[in-house]
Amino acid sequence: MKKFMLDLIIKENVQLSNQYALLILTSSDKLPEMLPGQFAEVRVDGSSEVFLRRAISINYVDYSKNELWLLIQVVGEGTKRLAALKSAESVNLLLPLGNSFSIPSNKDSKVLLIGGGVGVAPLLFLGDFLKSKGIEVNFLLGARSKADLLQMSEFERFGTVYTTTEDGSHGEKGYVTQHSLLRESKFDHIYTCGPTPMMKAVAAYAHKTNTNCEVSLENTMACGFGVCLCCVTDTVDGHLCVCTEGPVFNITKLKWQI
Amino acid sequence: MANLKIKVGTLQLKNPVMTASGTFGYGTEYSDFMDISRIGGIVVKGTTLRDRQGNQYPRMAETPSGMLNAVGLQNKGMEYFINHIYPTVKNIDTNILVNLSGSTIEDYIEGAERLNELEKIPGIELNISCPNVKEGGMAFGTSCLSAAQVVKAVRRVYKNDIMVKLSPNVTDISEIALAVEAEGADSVSLINTLLGMAINSETRKPVLSTITGGLSGPAVKPIALRMVWQVAQAVKIPVVGMGGIMNATDAIEFILAGASAIQVGTANFIDPTVTIKVLDGINDYLERHKFSSVSDIIGAMEI
Amino acid sequence: MANLKIKVGTLQLKNPVMTASGTFGYGTEYSDFMDISRIGGIVVKGTTLRDRQGNQYPRMAETPSGMLNAVGLQNKGMEYFINHIYPTVKNIDTNILVNLSGSTIEDYIEGAERLNELEKIPGIELNISCPNVKEGGMAFGTSCLSAAQVVKAVRRVYKNDIMVKLSPNVTDISEIALAVEAEGADSVSLINTLLGMAINSETRKPVLSTITGGLSGPAVKPIALRMVWQVAQAVKIPVVGMGGIMNATDAIEFILAGASAIQVGTANFIDPTVTIKVLDGINDYLERHKFSSVSDIIGAMEI
Amino acid sequence: MKKFMLDLIIKENVQLSNQYALLILTSSDKLPEMLPGQFAEVRVDGSSEVFLRRAISINYVDYSKNELWLLIQVVGEGTKRLAALKSAESVNLLLPLGNSFSIPSNKDSKVLLIGGGVGVAPLLFLGDFLKSKGIEVNFLLGARSKADLLQMSEFERFGTVYTTTEDGSHGEKGYVTQHSLLRESKFDHIYTCGPTPMMKAVAAYAHKTNTNCEVSLENTMACGFGVCLCCVTDTVDGHLCVCTEGPVFNITKLKWQI
C-alpha cells in the first residue's frame, strides 16, 4: 500500500479521561485507504524532550466523514503532547504503516477480538471491517476498572461486547483470559492487542484450544517504515521488523514460550 | 539554479546530498514519499559477507535531540544483496554505494571482491566504525594501524571508489584520516555514531540489549562538525560530512567546514522527505548568497 | 528520609549532589535562589596559578539540547582566590573543592601547594581535561602518560583529596582512569566537555572566537553515562559522574551506572535551583523503591 | 539586589506587529523592585530547539498595577515562542538581573535617551524613572520605518520624543546620529541602547562632544547571573561579564575604537 506523509487537522479531541484522549482528525483531501491493524507514525511538535515520532494504531476510519480516529493513552511526554492537541491544530503523520489483521474468507467464522487497555484501539476498526464483510464479531475487552474501558458504545455498534475488570467494576472480575466465554465457547479466529503478558496468555489459550490467533505487537520504533531495523522481534524466520512484517503476527510465527 | 554537481573521489554526484547507511534502507522504501533519483547518492545498509541477525531487541533508545541504536548490522549478506537487492537498486538513477562491514580483514577483502562484479555500484563506503564490529575488542577504526590495514587490503582488490567511514570515538580523528588516505582511500566520510548508553531508572536495567549503542541525531552535530573541520584541514582527499543534519542550514555548515558532500541519517526517520528539502535549501542558499556553484562554499568558512 | 551520605575518596559528602566547575561560580552567586549549604559539594570555577582573561567573545553557542563554551578558564588566579574568595567560601557548610588547572606540570604543582594551606578546602579537582589547556597541542588528559605525570606530581605535594577530572575526547577513557588511579588519585570525575564547533551559515564564520569549544548539556548525556559505566567497571576508586544531568532521574542513571556522586553543570543556568530538586528527587526515588541508602544503588544496574 | 526565580502570568500579549509583541506579566504576589537597565532571563518552554533562557530587558514596571512589561522582537525560535504566549499562560523568569543606568544627582541635567529598534525597550522604564526623579527627559528613537517605531504614546508620557526613520516615514529621515537635535543641542547625559553600530556612532558623538554616555550592551549569555563567564566584553579592566558588570557600561570603560 502506498504510504503518505500528511498534515491532518484535529476536528475534535475527546478527552475520555485524564489518561485517555480520542483524536478525531480530518483533512480537506480524501483520506487514503487504511486497513485494520495498521498504524501511523505521528510527529510530536513543541516538545524539547520528544525527538522521534510516536506509533499510534488506526483506531477507526470513517470514510464517509473523512475522519481518522486515534486513541491515545498518556504514558510519557509524547503521548501527553498528543493528548493535549486542540481543535484546528495540525498534526503530521506517516500512514498507513505496517501489515494488517487477516480477514477470514469464510463468513461463518466465529471470531473473537480480545483487547486490553489502550490495546483495544485497533480492534474497533477491525470490528467494523469484519462486520462489513458479514462476519459476526465478539469483543472481549479487559481493563483495570470500569473507567479504563474505552469506547464501549462504539464497540457495541459492531458486535457483542464481553468485559472483564480487575476490580470487578464492570463485567466479570479478573483478567480477560479468565472470562467464562473462553471456557464456554470455541472460536475459529482470535485477534488480540494489549499488554504483552495479556497477549501471551491469550496466545497460550489459542495454542491449547488450537485456535488461529493473531497478535499485534509493540516495539521501540525509530522510523516505522522498515529502514532503521530497530523494531525487530524474534520469529521462526529470524529477526523481523514489527513495523513492516508486523505489527500483526500469527502466533505460530513467534518464538513465545507458551 | 546553482550548479550543485560535485566530484567526490572518483564519484560524480549530481548534488552533494547523500543518505547515510542504515537510515535509508535500500532507497526504495522512500519512493512513496519522494523522488529518490533526485538525491546525489544513496549509501545502502551496512552489508556483511554473510547474513547477520543483528542484536537482540530492544535496539533503540530515544535521547535528548538524538537516539541510540544497537542494530548490529542486521542484513541478509552479500549473496542476497547481489541476487535480490542489486537487481532493483541498480535501476535507481543515482550513485548507489554499498556500506561494507566485516569482522576480519578477510571478510572485507572477500566482500569488496564480490562488489567489483557489480557494474552499477560505483563505490563502497568502507565501514570501519560500527560500534559493534570488533577486532580484538576494538573497532578497526579506532587505531591508525588497523584502519590502515583494512584500507590497504581492500584497495588491493577493489577497483572502484573507496570512501572510508571514520569513527568519532577516538582521541584524534585526523590521524586516522591521514592513515587511510595514505593507503589509497578516495574519500573519507564521518562521523559514524558515538558510543553511548541509556538506563531505565525504574527497572534499573540498560535500555538496549547490548547495554551500549551508537548515538546519532542533532545532539552530535557540534562534535561531527568539529571533526569534519579537523579532518578537512588534515587530508587532501574529499571529506563527506554527517552527524545530526536535519535541514539545509546544517548541511551548509558541514560544507563550509570542508565537506564536499553530506549524508543525512537519523533525520530521514522523522521526515522521509528531508533530503529533498535539504537539496532545495542548499540551492536556495547559493542563489541568495549569489554563489554559482556549491563547490564555491566547500571549506569556505572564514576564520 | 533515606540516608544520602556518601564517602568519595577521603571526602564525606552529606549527599551525592555536587556542582560542576565553571557552572556554579563560587556558590554564593546562587544563594539568592537556594540554600547552597544543602548540597553535597561545590567545585569552584577552574583556577589557575596566575590570572587569566580567558578567550575573546563570543564564547558561547547554543546547540540542540546543549551548548558550546569557550570561556578558556577566565579566573583571577590563585592569589586572588586565596585572599578574596576563600575567606567567603570557607564559611559555606559543604565541601568546597577547587578545580585546579594549569598549562605546565609546574603550574599544577605550585597551585596544589598553595591550596594545601587552606584548611577548609578538603580537596581539589584536578582538571586535566579543559579543551583549552594545551601541552604540545594536546590536553594532558588525552594521553595516559601525561595524565599520569600530572597526577604523580600533584600527589607528591598535595595532602588532601585529589579528584581527577577526565576528558571524554579520547579513544579509551578507562585507560586514562586506570593511569591516574595508579598514581594515587582518590577519585575520578567525568566527563568534562566534548570538543565541538558551531558555524553561522549566514556570516560563514565560526560562532566562537576560538572556532571550537566544549559541548555540555543533555545532548552529551548518553556518552557521559557510557563513559561513567566503563570507568566504574575499570577502577576501584570512586567515580563522580556528570554530563547533561537535568533532573533526579538523570542523576540516578549515573549512580546506577556506577557513580558514587554526581555533578550538575549546565542545568544550573536554566534552573538555578535544580540541584535542590535533584537532591530531593533522589531521596524520593530511594523511598519509593524502598532503598534505605543511596549507597545501595551505586552501580546497581542489572545486566 | 536580591534575584528571584518567579512564575509570572501573561495578563495580556499586545501584538504590536508580526515582528513585535508586548508581554504584560503579572503575579498574585507583589513584584520585586527593579531598576531601569536591568533585564530578565526568560525560560522558553515547548520548543525542541531552544535550550537556554533568553535575555529580555525590563521594558516597564507598573508597581501600582503589579505589571511587568517585556517588549519582544522576533528574531529566532526563542523570541518567536515568547511573542506567541497567550493570556493566562505562565512564564518562568529570573530577575532582576544586571546593573542599571546611573541616575544624575542634578535634577537640572539635560538627558537624552537614544534607542534603536527593540533597543528602545529599557529606555521606557528609564524615562519613567528619570521623570519621577524630576529630570526632564528627551527621547531620540530611530527605526527602519514608522511601523518599527514602538510604544510612541508610552514614550510621550515621560518626555519629548524625537524620531528618525530610514525611509523618512516618521520624523527626520536617516539614522539617529544624523538627527538635527544632536547638532542643535548639548546634553549632559546620553543613555543608549540598540544595534551595536548605532551605539558606537552615539558613543563617537558623545566622545566628540564630551558628553557622559552609557550604553546597554548585548552579548551571548548562557546564565545571566555571572556564573558561566560566557558573556564578557573587553573593557579597560579586562574581560567583564555583561550580565553582572553590565549590561550598562559607561563608554569610558569600553575599548571601542571611536
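Which chain is which? They are A, B, C and D, in the order written, and residues in each are numbered from 1.
Keep this in mind: a residue touches a chain if its C-beta (ideal position, glycine included) is under 8 Å from a C-beta of that chain, and two chains touch if they have at least 3 such contacts.
Just so you know, these numbers come straight off a predicted model, no measurement behind them.
S.K.: How many angstrom lie between the centres of chain B and chain C, each centre taken as the mean Cα position?
M.R.: About 34 Å, centre to centre.
S.K.: Between chain A and chain C, what is the gap in Å from one C-alpha centre to the other?
M.R.: Measuring from centre to centre gives 47 Å for this pair.
S.K.: Between chain A and chain D, what is the separation of their C-alpha centroids in Å?
M.R.: That pair's centroid distance is 55 Å.
S.K.: Two or more other chains in contact with one residue: find those residues in chain C.
M.R.: Each of 61, 63-66, 217-218 in chain C touches at least two other chains.
S.K.: Using the touch rule from the top of the page, what residues of chain A touch 2 or more other chains?
M.R.: Answer for chain A, listing residues that touch two or more other chains: 48, 50-51.
S.K.: Draw the chains as dots and join the ones that touch; what shape do you get: line, ring, star, complete or other?
M.R.: ring
S.K.: Judged by the touch rule stated earlier, which pairs of chains are there in contact?
M.R.: Contact pairs between chains: A-B, A-D, B-C, C-D.
S.K.: Can you list the residues on chain D that touch chain A in the complex?
M.R.: Listed in rising order, the residues of chain D that touch chain A are 45-48, 50-51.
S.K.: Residue numbers of chain C touching chain B in their complex, please.
M.R.: Where chain C meets chain B, its residues are 61, 63-66, 68, 142-143, 169-171, 194-199, 201, 204-206, 211-212, 215, 217-223, 225-226, 229, 244, 249, 252-253, 256-257, 285, 297, 300-303.
S.K.: Spell out the residues on chain D that touch chain C in their complex, using ranges where they run on.
M.R.: It is residues 2-5, 43, 48-53, 94, 219-234, 238-239 of chain D that touch chain C.
S.K.: Name, in rising order, each residue of chain B that touches chain A in their complex.
M.R.: Per the touch definition, chain B meets chain A at residues 22-25, 29-30, 32-33, 45, 53-54, 56-67, 69, 71, 74, 217-218, 266, 268-273.
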